[in-house]
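The data blocks that follow each hold one structure.
In the two complexes below, chain A is the common chain; its partner is chain B in one and chain C in the other.
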Partner chain A sequence: MKPRAYLTAFGLQWKIGLRYRIAVVAGLVAQMWFGAISLMAYAAVYHHAPDVGAPLTLRQAMTYTWLQQSLFTLLPLGCLPAVGDAARTGAIIYDLLRPVDLWNWWLSASLARLLGNAVPRAVLLACVAGPLAALAGLGAWSLAPPASPGAALLAAASFALGALLSATIVMLWNVMTARTLSPLGSYAIGTPLAVLLSGMLLPLPLYPEWARIVLVLQPFAGITDIPIRLYLGASLPGGPLGALGVQIFWLVAMTLGGRLWMRRIIDRLEVQGA
Partner chain B sequence: MRIASPAIEVENLRKIYRVREGGSWRGRTREIVALDGISFAVPRGQIAGFIGPNGAGKSTAIKILSGILRPSSGLVRVGDLIPWENRIAHVARIGVVFGQRTQLWWDLSVGEGLALLRDIYGVEPDRFARNRARLADALDLHAIMDQSVRQLSLGQRMRAEIAAALIHDPEVLILDEPTIGLDAPSKLAVRAFVRDLRREQGTTVLLTTHDMHDIEALAERVIVIGHGRILADSPFEALRATTLSERRLEVDFIGTPPVFDLPPGAKETERDGRSVTITFDPRQIPAPALVAHLGALAGLDDLRIGRPAIEEIITRFYADHAS
Partner chain C sequence: MHNAKSRNASVSGLALYRRMAWASIVAQLRYPGTFFLQMTGNFVTTLLGFFGIWSLFQRFGSIGGWDLGAVAVLYGLVNVAFSVSETLGRGFEVFGGEYVRTGQFDRLLLRPRPTLLLLLGHELRLRPIGRFLQGAFVLGAGLWLAPHVSWSAVWLVPWAITGGAAMFLGVLIGQAALCFKTVEGLEVVNVLTYGGVEAGQYPLTMFSRWLRRFLTWGLPLAGVCYYPALAMLAHPDPLGMPLAFGMVSPAMGFVFLGLMIWVWRKGVASYVSSGS
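The block that comes next holds the complex of A and B.
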């Protein structure tokens, strides 16, 4: 109806995300640290068991780790902070007073928030772990470029879907927050789920073989794992198009289900006081 | 041609909240009847005031009229829309201020917040510029336009909130306790603004308050609400003529007060040690005459004159309705 309003919501959260420059630097240092530790662990494992039959080469595992670390803030760890605050203070009733589609309104804001956090970090970390590391003579440990131009293209589309998928999962946390009038539950559930199931803790391709197919079919795989595997040109069950299909499936399913759920919650929302 | 239907129509509106008692499971649910069948209509261009004590159901009514709460039963039309069924179209035509909440963004300046609302409501640039200038003049916002909302005093913030509710020229303005917590000058400013708004823009205004002075300064129409029911619905002058004219006199005597008769229009309501409370109707017995009457009976130490609290008026309404 009024795309301008949604752009505005996006712009506001994008600005807020960029405002925390110190957090960007601090996060970056932490992510470099975790990245480096993981790399050493992988190097040790691959060195002692060169033929574990892992679906990623050591070089690919390193690039996977750098990309994963650089995209940590793209994960749906909990609700949008603005929604959490509004629910806690009761100002959430003003969100219902706006002539906008509440789902798209919060979705735009959530997407902007994720991108505003993730993009600056990803660019910085990619520069440090990629060309800079290579120049410093750490080429063997660095972030490698995409496997091929085709892989780059697929990965770009998949990263875009991944960001949207993550924002859609954040929407589920937002609705949950509106339901309980507190953001805490969304963090308690969202953070462990996202960290574990996105492959942030251990890349999904490195799980035991029997678990791999299930892990790639669940929604959190679509956020960073699938795009990164396409970037690496690594094998995916169902091929690259099947992987994009998994992302699109979850996007559609969660949007439809989430919208229904939100309507129910909003109809019953009773903010006390004032 | 436009049919002059009322701006707001409410018919037999009920809202029952169900709350769980004890733990979140196993607890029994208790029903709170917040609105127990209220009906009224507000014509276009009127300022109507809802008055009643805390917990009377004012905010519940406001939330239903704003489209953010579904009633348990009953009918509401604002313009020709049912608020909770046409939420988006409805909220585009109203402006709402909840006195205890903020709709502006803490991290932004007042001006940035207004610009954001322009985009949300799709206000054309010309109209936005005009409205912003008009509201900034009327609400004295020029000095705080560039300040972040976080830094504003309560009075400044409330003026900014009212501007935020009006930037899109709503047909109906709904104010829930707009003067709560404000200092005297800010209260006066808010009241003066709402009065002018009605006069100059013809906006329909529905406000709630538990401050009698708000009603006195603003409303042509008073709806008294208590325990979810409408206890009185009358032009302000009529209410003033009956209940509001009443005054209370508290007298401290020197020594134990004597037992006395009072002139017509005055009546003793309380006696506690050296002080006696008398309610009286100044049209029947003016305060000086009453004081003179008492002074002739015994030595007076101190006097206080006031109005009955809103809670008392409500209690009285109940008594009147019961009989």
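The block that comes next holds the complex of A and C.
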């Protein structure tokens, strides 16, 4: 198939994401607020129990929180809004008629939407929480640089896989939306799952010990938690390569499973609307 | 909702609100599958928030010296209060996008009823029942876990919750009033709603001084949550405020609501339509 069509879908959503500059600033303020509250909570618990031996140091937990906050819009919180609208109004029929592979068409749009939202925000927040905070004398609360050049490289590869993984999970929400005919359900399921399981709510390493292995092996860890841990140079069960392997495994598994599911749903799709 | 528009001009404000609320409930139940998913999602999301706090306790034993029971009471109070305001105040949340930008607000101004009442009737949202139930559950567990719960809790719990709901409703009304200036809704205000819930579930002592001041005298979150909780738990305030303050401080939520209603009136008076 012509890759150009998918590039067009990507370009369109990417531009939509960049369009809303005020929303980017508003998001920045919100992320700083939530980040600051989490940081004060972590500082309070760490200082009160200095010899617990948590798997992350306070400094690492702070950097983890800033990176997580800056990548909030990269999380698969729900379906692609365009797909939601299409399902609700019945315009989904146009997508079915296009001479393109539906999965790749929606996937490239979903990926562009995530990146178009996340990249400007992440760059801005990283500047504010990193160098600017350090200059303002808040160095102890700031975003630390990567642990080593090697960690930076691994993290970069892992962030790229994470973005793809997130777009693939958005595809599952898209298919679900095509099934339920309303985008709201996908947000209701997607947001809590993504916020909890990606480490947005609490860094995954800080959950109770019995849950640690399961938490690394589930697909949402591959979006931001694994890349951030590689960035911090923190320990990962199975080592850095094992962690990348987990990301690739879920990418392949969810693509295959999702495509099958989509075919079933599309075959018996009832289109509503005019 | 539009078919609930008064056919009979003599309908009282309350009766009109009841009709609008009923129409909204029926509309929300029109897609039962989605409704069920939303409600479950709301319950689970909000309960997960507490799971995060609980995990911190598992690992570190306390949050800055506060035990799990006290934090659960704070968490429960702020979540129940917020869920009530979320249920009532949906019209204010969507006000910028759905009323000001489109010019729909002009139509509300033509109706012979107060605009605040009509916007309250925009939607009686059922989804926050999930947050309400889990907040109530955590609140109950916290009171059960805490070592000294005073009898005043019997009336302080409802008093703090109504004060908190009034405060959050005030935030939503203030957010809507801001839309007269900005046209589109500003998501920054989420810092005061969702961000307020996030901040309210932690003990006030944990925050830096500037934030403590803001959360007490700017947005009176401590007045509707932290201080009443101290009074219920007979827990002396490490910052030195007398316990009796918690018995009257929920009134600050109503003062805040009154202030925001005043801002709203000013906004309506200076409203210039943007619709076609």
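In this section, the second predicted complex is superposed on the first by the 271 of 274 C-alpha atoms of A that agree within 3 Å, B and C clash if a C-alpha of one lies under 4 Å from a C-alpha of the other, contacts with A are read in each partner's own complex, and residues count from 1 in each chain.
The rule is short, and it goes like this: a residue touches a chain if its C-beta (ideal position, glycine included) is under 8 Å from a C-beta of that chain, and two chains touch if they have at least 3 such contacts.
Keep in mind it's a predicted model, so treat the numbers as computed, not measured.
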May I ask you to decide whether A:Pro192 touches chain B, chain C, both, or neither, giving the answer as first, second, both or neither? second
Quick one: classify A:Glu270 as touching chain B (first), chain C (second), both or neither. first
Could you say whether A:Ile37 touches chain B, chain C, both of them, or neither, answering first, second, both or neither? second
In the superposed arrangement, which partner chain does A:Tyr207 touch: chain B (first), chain C (second), both, or neither? second
Touching A:Ile16, do we find chain B (first), chain C (second), both, or neither? first
One more residue to check, A:Thr8. First (chain B), second (chain C), both or neither? first
Could you figure out whether chain B or chain C reaches more residues of chain A? C
Which partner does A:Arg98 reach: the first (chain B), the second (chain C), both, or neither? first
Which residues of chain A are in contact with chain B in one complex and with chain C in the other? none
Which residues of chain B touch chain A in their complex? 17, 59, 63, 66-70, 84, 87-89, 91-92, 94, 96, 98-103, 105, 107-108, 116, 119-122, 176-177
Per the contact definition, I'd like the list of chain A residues that touch chain B in the complex. 1-2, 4-5, 7-8, 12, 16, 89-91, 93-94, 96-101, 267-271, 273-274
Can you check the complex and tell me which residues of chain A touch chain C? 22-23, 26-27, 29-30, 33-34, 36-37, 40-41, 44-49, 52, 54, 180-182, 184-185, 187-189, 191-192, 195-196, 201-202, 206-208
In their complex, what parts of chain C are in touch with chain A? 31, 33-34, 37-42, 44-45, 48-49, 51-52, 55-56, 58-65, 186-188, 190-191, 195, 198-199, 202, 206-208, 211
